[in-house]
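Structures incoming, each one as structure tokens.
What follows is subunit A paired twice: with subunit B in the first complex and subunit C in the second.
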Partner chain A sequence: MGRVARVQLAVILGFVAVLELLTRTGAINRLTLIPPSAMAAHLWKMLVGGELDAPMTQTFANVAIAFALSVALGFAGGVAIHGLPRLRRLSDPLLASYYAVPFFVFYPLLIAVFGLNRWPLIAIGVVFGAAAMAIATLNGLDRVPRVLRKVARAHDLGWAEETFLIVLPAAAPHLFTGLKLSLAYSFIGVVAGEFILSGSGLGHAIAYAYDSFDNPTMYALMLFVVALAIALNATLHVWEQRLLARRRRQ
Partner chain B sequence: MSAQVSSEPRHLRPLGDAALLLLSAVLAWQALYEVVGDVALTPPLATLANAGALLGSPIFWRHVSATAAAFAASLAIAAAAGVAAGLALGFHRFSGLVAEPILTALYTLPKVTLYPVVLLVFGLGISAKIAFGVMHGVIPVILFTMNAVRNVDPVHLKTARALDLTAVQTAGTILAPAVVPEIFTGLRVGFALSLLGVIIGEMFASQRGLGFMIINGINTHDVPTMMAVILLIMVFAIAASTLLLAADRKLHRRG
Partner chain C sequence: MTAETGTLRARLSGVTKVFDAGSRQNAVHALGPVDLELSAGEFVTVVGPSGCGKTTLLETLAGLTSPSSGSVTFEGDAVAGKVPRGIGIVFQEDASLPWLTVWDNIAFGLRRLGTPADDIRARVDYAVSFMGLGAFATAFPAQLSGGMRQRVCIARTLVLEPRLILLDEPFGALDQQTRLLMGDEVLRLWRETRATVLLITHAIDEAVMLADRVAIMSARPGRFIEMVETGWPSSRSSRMVEQEAFGRLTAHVWSRLRGEAMKALGRDGEAAGSHHG
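Right, the complex of A and B next:
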């Protein structure tokens, strides 16, 4: 483990330790925050007891579907907008203000369109995730060096060869950023949608615990969501660093 | 682009394109309405009329000023704290390396789910809304500012040393022009996200503000009001983003 990673771990552990101390000594009211160790213990109990199986399966499946659709639609959208400069100029301010719109409010509309099932939530995840992928795709395609396109022409590459041998590898780092962001946004969209409006899933479980003043369950679930987000990010971060290192070696 | 032949004057074309895009959006909206009906949607023209009526009602403006106050406060805090933290993390390289993945992880958190904690800590009311806006907006400001400082060309700093500039002179003539455009981009993103944070905050923790109007509309099946408020928020967000984006591009070109 490098020095940076060690310090990161120390920072996080230190933060947890401070919270533990403040809650144990009563400096922070137990009604406001419970000690991290109590959160972890309760989470463990819930995991072992199988309480989380149903909401977890549902949320993970929804996030996975939303992520896959986001990537496919966002990538296609990015390629299409890139190919149409006139549309491009118009879409920039729209994409820039995109994340200021609280899309959750369309949940009732989505229920009217899709029915009362998992698809409204997935749709919110896709609405969030696809734009990030589209923006990253645009960035990636913009930054393919012109000289590489010329190389493709000089070698008389066909469309498919140019795409798979030149354009996609050159745009890869940006596309990877797009994958990362659209996973994060799909996760945010689905869990936030569950929290606000739905009747099932991890997000709903947190809201339900909050409404019934069940602090241990609420904090255990929050810890779970936070840990999940950190684990996902760390995995993608390591993978990305490896990809980048391989590119530099080439 | 350059070789295109067109009968319309060049400078008018973006406007024509915008009108075309707007028209297709309105048509899609109307078509969706024909399919879904009144349950969850009002048609474009009716929504526009409702929005116009809202703009004339004093109650609406009271909600607007509640949202505006919370938004202004959270944007100010997110900007000040974000730029300060970003500068510190940018100049102190090691701290930046340590903080970056942690900040990214926090950024990807579904922050809505942490809302109960914010409520428990800040109580119901404007401070919870502000805190929620800051939570959403501050991280992009930090990340953009940090990267701006890191990407300052070392040659420029060496030049400053070679010319024997004072710290103030270096900051004013070398650092500021180099980092301001990137920081502005961060503030632009922070602007949009703080607005989202405040509005989501109002949806749960408030009896005032545009977010409250929306959630109240959802809960009482007052679809026309909900749609009109959303339309007005979207128009505001898109207009503000367009202006900020234009300023952003100008700053970047000047560099």
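Right, the complex of A and C next:
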């Protein structure tokens, strides 16, 4: 573990320790916040008791589907926009202001289109995740050095060979960033959608606990979602760093 | 040098290149007309002011760009739209593939051609050793200096055993000392492969040191204003720079080039004056 990572970990652990101290001493009212150790203990109890099996399965499945669709649609969209200058001129301002649109307001419309099932939530996840992937794909394709395309021509590569042997590997760091962001946005879209609009899933479980004044469950679930998001991001970050280490000057 | 030395390898006849700059701007006449014949086994350097069309000339000869008029042939066949087998190109920019090791970079073209694995191993190992990259075969380009990365690109071209090697200012980003030493490497490669070499450069000393013939180009649109025969032996090296004849030739090339360089800078009046000075 590097020095920066150690400092980051120390800051997080220090923050948790301060919260623990403040909640245990009563400086923070337990109706407002329970000690982190109590959150962890309650979460463990819920996990062991199987209480989270159903919401977890539903949320993870929705996120996985939303992520896969986001990557596929975002990548295809990025490639299309990159290859069609007119489409690019049209879509650039839209992509630049994309995340300013409150997509949750379209949930009723999505229910009308897809029905009262998991697909409106997945659609929200896709709407959030696909743009990140499309933007990253565009960035990656824009930054493939022209000289590498000349290398492809010098080796008489066909379109498919150029794409798979030169363009995609050259754009890989940006595409990887797209994957990372797309996963994060899909996760946010699905969980936030469940929180606000759904009758099931982890997001809904947090909202239900909140409405029921069930602080231990609410905080345990919040801890679970945050820990999950951090774990996913950290895994992808480590993978990304390994990929980039080869390309970075030492 | 070889049995076929003197036979025609490549020819440009009346080649021009005009770039269409779009409906709102005038077209850019970048090159020509130029005529050039490259014989088998000779080393020709092209030197000219910035923006005179040197790279366009190389890319036209390689088949990377089509001429606006005129014809390009390689070993008697028209070069049209694609790089013919037998022509190897080394670019000015770092063209190593950062996701591949040095060894895999060099093997890239051979794998694409479906060369048997044993043959690939033998040829790549030889190229790695020939270019002095033995200790770095498993390294990634990012771990190498600029000069070493350019060696990787040269090796990648070398393993394909090209009969015509085109080098586009391959040492442009390197310091003077490294450039002279890389020049020695290229001369060694030329003697070893017996290929025809066309090297584009803006460095007069490099052009004179390396070449059998130095082609001097005018300011844009680039045309050949003189072809200088150096008369160097094929065993030449960077030690040529110590010789008096090298100084004379370099001075001569500069005297022809200075006016063109001034024109390229937009100082035509001074350029005209310099011819009489």
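What we mean here is this: the second predicted complex is superposed on the first by the 246 of 250 C-alpha atoms of A that agree within 3 Å, B and C clash if a C-alpha of one lies under 4 Å from a C-alpha of the other, contacts with A are read in each partner's own complex, and residues count from 1 in each chain.
We take it that a residue touches a chain if its C-beta (ideal position, glycine included) is under 8 Å from a C-beta of that chain, and two chains touch if they have at least 3 such contacts.
The model shown is predicted, which means the values in this text are computed figures rather than measured ones.
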Margin query: With both complexes overlaid on chain A, does A:Gly49 touch subunit B (first), subunit C (second), both or neither?
Written below: neither
Check: Between subunit B (first) and subunit C (second), which, if any, makes contact with A:Arg247: first, second, both or neither?
Finding: second
Check: Between subunit B (first) and subunit C (second), which does A:Gly158 come into contact with in this model arrangement: first, second, both, or neither?
Finding: neither
Next item on the list: Applying the touch criterion given at the start, work out whether A:Leu33 contacts subunit B, subunit C, both or neither, answering first, second, both or neither.
Entry: first
Check: For A:Lys150, is the partner it touches subunit B (first), subunit C (second), both, or none of the two (neither)?
Finding: second
Margin query: Looking at A:Gly203, would you say it contacts subunit B, subunit C, both, or neither? Reply first, second, both or neither.
Written below: first
Notebook entry, point to check: On subunit A, which partner's contacts cover more residues, subunit B's or subunit C's?
Noted result: B
Item checked: Shared subunit A contacts, counted only where both subunit B and subunit C touch the same residue -> none
Check: In their shared complex, at which residues does subunit B touch subunit A?
Finding: 1, 13-14, 17-18, 21, 32, 35-37, 39-41, 94, 97-98, 101-102, 104-105, 107-117, 120-121, 188, 191-193, 195-196, 199-200, 203, 211, 214-215, 218, 223, 226, 230, 233-234, 237-238, 240-242, 244-245
Next item on the list: Using the touch rule from the top, collect the residues of subunit C that touch subunit A in their complex.
Entry: 62, 64, 82-83, 85, 88-89, 91-95, 97-99, 108-109, 112, 140, 142-143
Checklist line | Residues of subunit A that touch subunit C when the two form their complex | finding: 145, 147-148, 150-151, 153-157, 161, 165-166, 169-170, 172, 246-250
Margin query: Under the definition above, what is the set of subunit A residues touching subunit B in their complex?
Written below: 4, 7-8, 11-12, 31-33, 85-87, 89-90, 92-94, 96-102, 104-105, 107-109, 111-113, 181, 184-185, 187-188, 191-192, 195-196, 203, 206, 210, 218, 221-222, 225-226, 229-230, 232-234, 237
